[in-house]
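Can you read through this structure? Questions will come right after.
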Amino acid sequence: MSADTLTGTARGTGAAPPRTPADRTGRGRAPRWTPGRLGLLAVALLLVVAWLLPLAWAVATSLKPEGETTRTPLEWVGSTVTLDAYRTVWEAGDLGRWMLNSAYVATMTTLLTVVVCAMAAYGFARTEFRGRRLLYGLVLAGIMVPPQVLMAPLFAQMVQLRLVDTYWGVILPQVAVPAMVFILVAFFRGVPRELEEAAFCDGASRWRVFWKIVVPLSRPVLAAVAIFTFISTWNNFLWPFLVTTDPAGMTLPVGLVNVQSTYGVRYAQVMASLVISGLPLLVVFALFQRQIVRGVAHTGLAGQ
Amino acid sequence: MPQMPPSRRSVLTGFGSLAATAGLGSAASGCAAPSAAGAGRTRLRFWHLYGGGDGVTMQAMLDAFRAGHPGVGLESATLQWGPAYYTKLGMAGAGGRAPEVAALHLSRLPGFAPGRLLDPFDLDLLARHGVRPEHFPEAIWRRGASGGAQYAIPFDTHPFVLFYNTEVCAKAGLLDGNSPGKREEDGEKGQGKRGAKGRSGGKARLRPLAGVGEFTRALRAAREATGHPGLVIETLGNDTVGPWRLFATFYAQAGGTVLDPTATRVTLDDAKALRVLEWMRSLVEDGHAPRRVDYTGAVSRFNNGDSAFLITGEWEVSTYLTTELPFSMTRIPNLFGRPSAFADCHTFVLPHQADRGGASNEAAHRFVAWMLRHSTDWAAGGHVPAYRPVLSEPAYLELHPQSEYRSVVDDVALDPPAWFAGSASAMQIELGAALSGVLTGSRSPRDGLDEVRKRLRDLLATPDPFGGRA
Amino acid sequence: MTTTAAVPPPAPAAKAAGGSAAGPPRAVRHRWTEHGLLFTAPFLLVYGLFLVWPLFYGVKMSLGDDNIAGTGSRFVGLANYAEALTDPEMWDSLGNTLWFTVLSTVPLVVLGLVLALLAHELRVVQWLWRLSWFAPFLLPSGVVCLLWLWMIYPSDFGLADQLLASAGLHPGIGWLTEPRYAMLSVVLTTVWWTIGFNFLLYLAGLQAIPAHLYEAAELDGAGAWSRLVHVTLPMLRRTTFVVLVLQLLASLKIFDQVYIMTGGGPDESTRPILQYVYQAGFTGYRIGYASAVSYIFFALIVVVSLVQLRLSRRASEESRR
């Protein structure tokens, strides 16, 4: 089978370079507040409220004194606003450790994925070697293999390699992502050859050309891949859940679900730990909203 | 607006949490520093599944152990109770980096492939720390052995029991003894972790009930006294096992068995099973028990104070000790011929480590022996200690109502010794779901029984992953 | 099929680059071929080790009675497959997965489009729309599912029942304990959590529609509705296709939400196929049998992917015409 047919959907949408902000104003006219548009606004705001309600409830509950969390009828604010729940769950130690684990795993995976996939993509896009097309076809075929299908054999393999309960056991199986190679190949093919040829004539080696010319030119797409990888690794549940059994080595989502607090479930504390766990990526999102939105849309369209 | 009933879990707020927070800090320091093993300390990891009141008790015991053993770096982890815990423990044993010691339900042992996912205890080493086989009830000690080696050291027996509301029962005229139903004044302060000393339960006991007729009359009397169903039982829920445990209790009383002793054949006795199921069904149909109640719902309903009885595990004692509820506990009445009750035992096991031995293995044995010798503390959470020397200690006998039902340990019905049976096992969950329908009314007793038989056959037909060696 | 270094390749890249020099000088051509394998080697190593090898190793496992402790693997032929295909639990789980896919894909695609249309049409406070509808996508499944679990599970004081009560409706719905609601609760949670992804894809699709199309439509006197039906929706066909396919594939892989919120219950009525694999292999230790079930599921995924390929190829052929 040929590489191109395997990726039909992604072609066209996925290969398009990231949009510039100018694209965003699809129709350049100042909005007028007609009754119709006001109606739409009302609908949209209603949906916003519906979407924010659970988050608001989590925050509100986490700020109540523990004794008041289960009162009826519903009260959004308790008798006092307190950070006790936050203090308790944070001092319990687990959340902080899991967050560090998650940060380490996500950072390493992202770094490795970007480097390894970019190099491979460059190799496939710009070099010739025996079996290149066959290998690329094999890589693209991998897009069809959901990692979830491999959970049993991969775990057995990790047992044999003695990688269960290690960071590398979590990281390595998440590194080789065929879809990312596909996105990058499409991009690298669009990089003008003349730039590279000029550098070759100046005597630059291929490594130099890759690192000094191609990589800087590809910053936006590399950022998109990195952002997408980071988010999906940070939030990945199934694989880290399988390969870590020791609570000390769990990532945030896995630890939250698998370890019970010793003193039973208390609402304010549960909500506080959820807020703490959700916060890092939300803060990152607030800071880099536009890049993240673009990265996710771009990478997502290419067929993750 | 009516005051909302606290659920089992939220009940542990307030009072208990104050004491708990102190312990939390030290727990964190114990395991937040994996390097604790560094400075000449022996690393000892202990995994368990004790939450709620048991969690608080266990934490206190672990802290006490730490205080007395500065040379041991004890790191404990509380994993999510149920299938999740056992999955993780099995995977850890397979992965080779398992903890030094862990908790396990005795009924799960056959499925845990002793010798493959578990390592045997060194009985000489245990004896050196004062723990010997003759200290345990023989039957449960034997169930901890496999192929001539001891893989599980029993910690407790935790049976299903009958909780009763002393006030409601007094009103319904169901109590024996003097001053029925009067709650003693000093009960207000006796809410520490030790027990309900001084509560009415200490003096006015439930009149012995025997046989279905007497029990039903008691339920009727309770309903007349309060206008509410007299009994609360768990009838449904996700991974609900209550209906199975209820059935297992009364079916064992009727003298029935589910599987033959080698766990290869279904031995359900239709007549006995149907008698029990018809009766269970009638509890709901006749309005003696509410129809749709999940586990936490059952616990909190009884806490409302309207019901005379609750049938559940004794471990809920720690929930009610933190509330104002006037209650006591006793053995489940003998309704069908034999004084039996569903139960299981917590045990200690040594998960398989590729390189077990040395100082940390020695520390694991020392730890297990220490926990057993201090199991009076554990008994405060309702469990009957398996280490018999403790049972005659005054400190244990003074625990009320926790020592009221200790005699049940000789009449308990554990799950059959099949690889797929035991607490939070496939069998309990499958059968719990099948029997839930009988209680909620979606299945007739006959259908329920057929479903149980079918599911048992399916389980028997599933190949044992470890080739039948258990 | 394979191209050797000696023969200059047709250079597919040259086309993409807008046509480059007719024939590079010899020295430069050599550079094009230099280090090719070295660049791809790290990826191929990891890919081979952690994707290709387990894929084949799994096939071998699925033909044996492997347990999780890795002891005593005997060859049993197709027995695991035969058992799986005759196991009603496997079919029920597969059915649950498909049912979830249907139930979740429809609202996720339709609502994703609606949200994107709203945001695009209003064109004000874009940050607010993105924040509220996309931000949940950034939360780990554990956070989302535990939040929803504690919102809807506790009767009486959970947020869901309280809102119902304040609306004068009867609270106490067994959101997660009754088979007829449990799956819907999982779907609801999933929609809240992942709608943002489809929303963004649609938004990108909307922004790519050339403005002149709308201007032309307006000159023809088309109203807002007619512009939506005759311009926007047809122009979004390709986006919709991508969204739909991605959503189908994502929904088929449902695991986290069910595992965390219902554990597959009540009475396995929500258990998806991946959880069945997990239970067979990791809870039940029958990792060989679990592999066999995995490959049955894999076959389903491959079928969906191939259907998608066919459709997209036909679509692109049509658009080329």
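Letters A, B and C mark the chains in the order given here, with residues in each chain numbered from 1 onward.
The rule is short, and it goes like this: a residue touches a chain if its C-beta (ideal position, glycine included) is under 8 Å from a C-beta of that chain, and two chains touch if they have at least 3 such contacts.
Chain-to-protein mapping (UniProt): A = Carbohydrate ABC transporter permease; B = Extracellular solute-binding protein; C = Sugar ABC transporter permease.
Keep in mind the model is a prediction, meaning the values are calculated, not measured.
Novice: Setting chain A aside with everything else in place, what contact-connected groups do the chains form?
Specialist: Result with chain A masked: one piece.
Novice: If every chain is reduced to the average of its C-alpha atoms, which one ends up farthest from chain A?
Specialist: B
Novice: Using Cα averages as centroids, what's the distance between chain B and chain C in whole Å?
Specialist: Each chain's C-alpha centroid was found; their separation is 41 Å.
Novice: With chain centres taken as the means of their Cα atoms, state the distance from chain A to chain C in Å.
Specialist: 14
Novice: Which residues of chain B are in contact with two or more other chains?
Specialist: Correct list: 4, 7, 91, 94.
Novice: Please output the residue numbers of chain C that touch at least 2 other chains, ranges allowed.
Specialist: 68, 70, 154, 156-157, 282, 287
Novice: Multi-chain contacts only, two chains or more: what residues does chain A have there?
Specialist: Touching at least two other chains: 69-73, 155, 159, 242, 257, 267.
Novice: Can you tell me which positions in chain A touch chain B when the two form their complex?
Specialist: 66-67, 69-73, 88, 91-94, 96-97, 155, 158-159, 162, 164-165, 242, 245-248, 257-267
Novice: For chain B, which residues count as touching chain C in their complex?
Specialist: Residues 4-5, 7, 83, 86-87, 90-91, 93-94, 113, 116-117, 236-240, 292, 294, 296-297, 352, 420, 426, 433-434, 436, 458, 462-463, 465-467 of chain B touch chain C in their complex.
Novice: Spell out the part of chain B that touches chain A in their complex, as residue ranges.
Specialist: Checking each residue of chain B against chain A gives 1-2, 4, 6-14, 16-17, 20-21, 23-25, 27-29, 31-32, 34, 45, 51-53, 55-56, 58-59, 75, 77-81, 84, 88-89, 91-92, 94-99.
Novice: Which of the residues in chain C end up touching chain B in this complex?
Specialist: Contact set of chain C toward chain B: 65, 67-72, 89, 154-157, 174, 176-177, 182, 262-268, 279, 282-287, 289.
Novice: Using the touch definition up top, name the residues of chain A that touch chain C in the complex.
Specialist: By the definition above, chain A touches chain C via 5-6, 8-13, 19, 23-28, 31, 36-37, 40-41, 43-44, 47-48, 51-55, 57-58, 69-74, 115-117, 119-120, 122-135, 138-139, 142, 144-157, 159-160, 172-173, 175-176, 178, 181, 188-194, 197, 200-201, 206-207, 210, 231, 234-235, 237-238, 242, 252-254, 256-257, 267, 270-271, 274, 277-278, 281-282, 284-286, 289, 292-293, 296-298, 300-301, 303-304.
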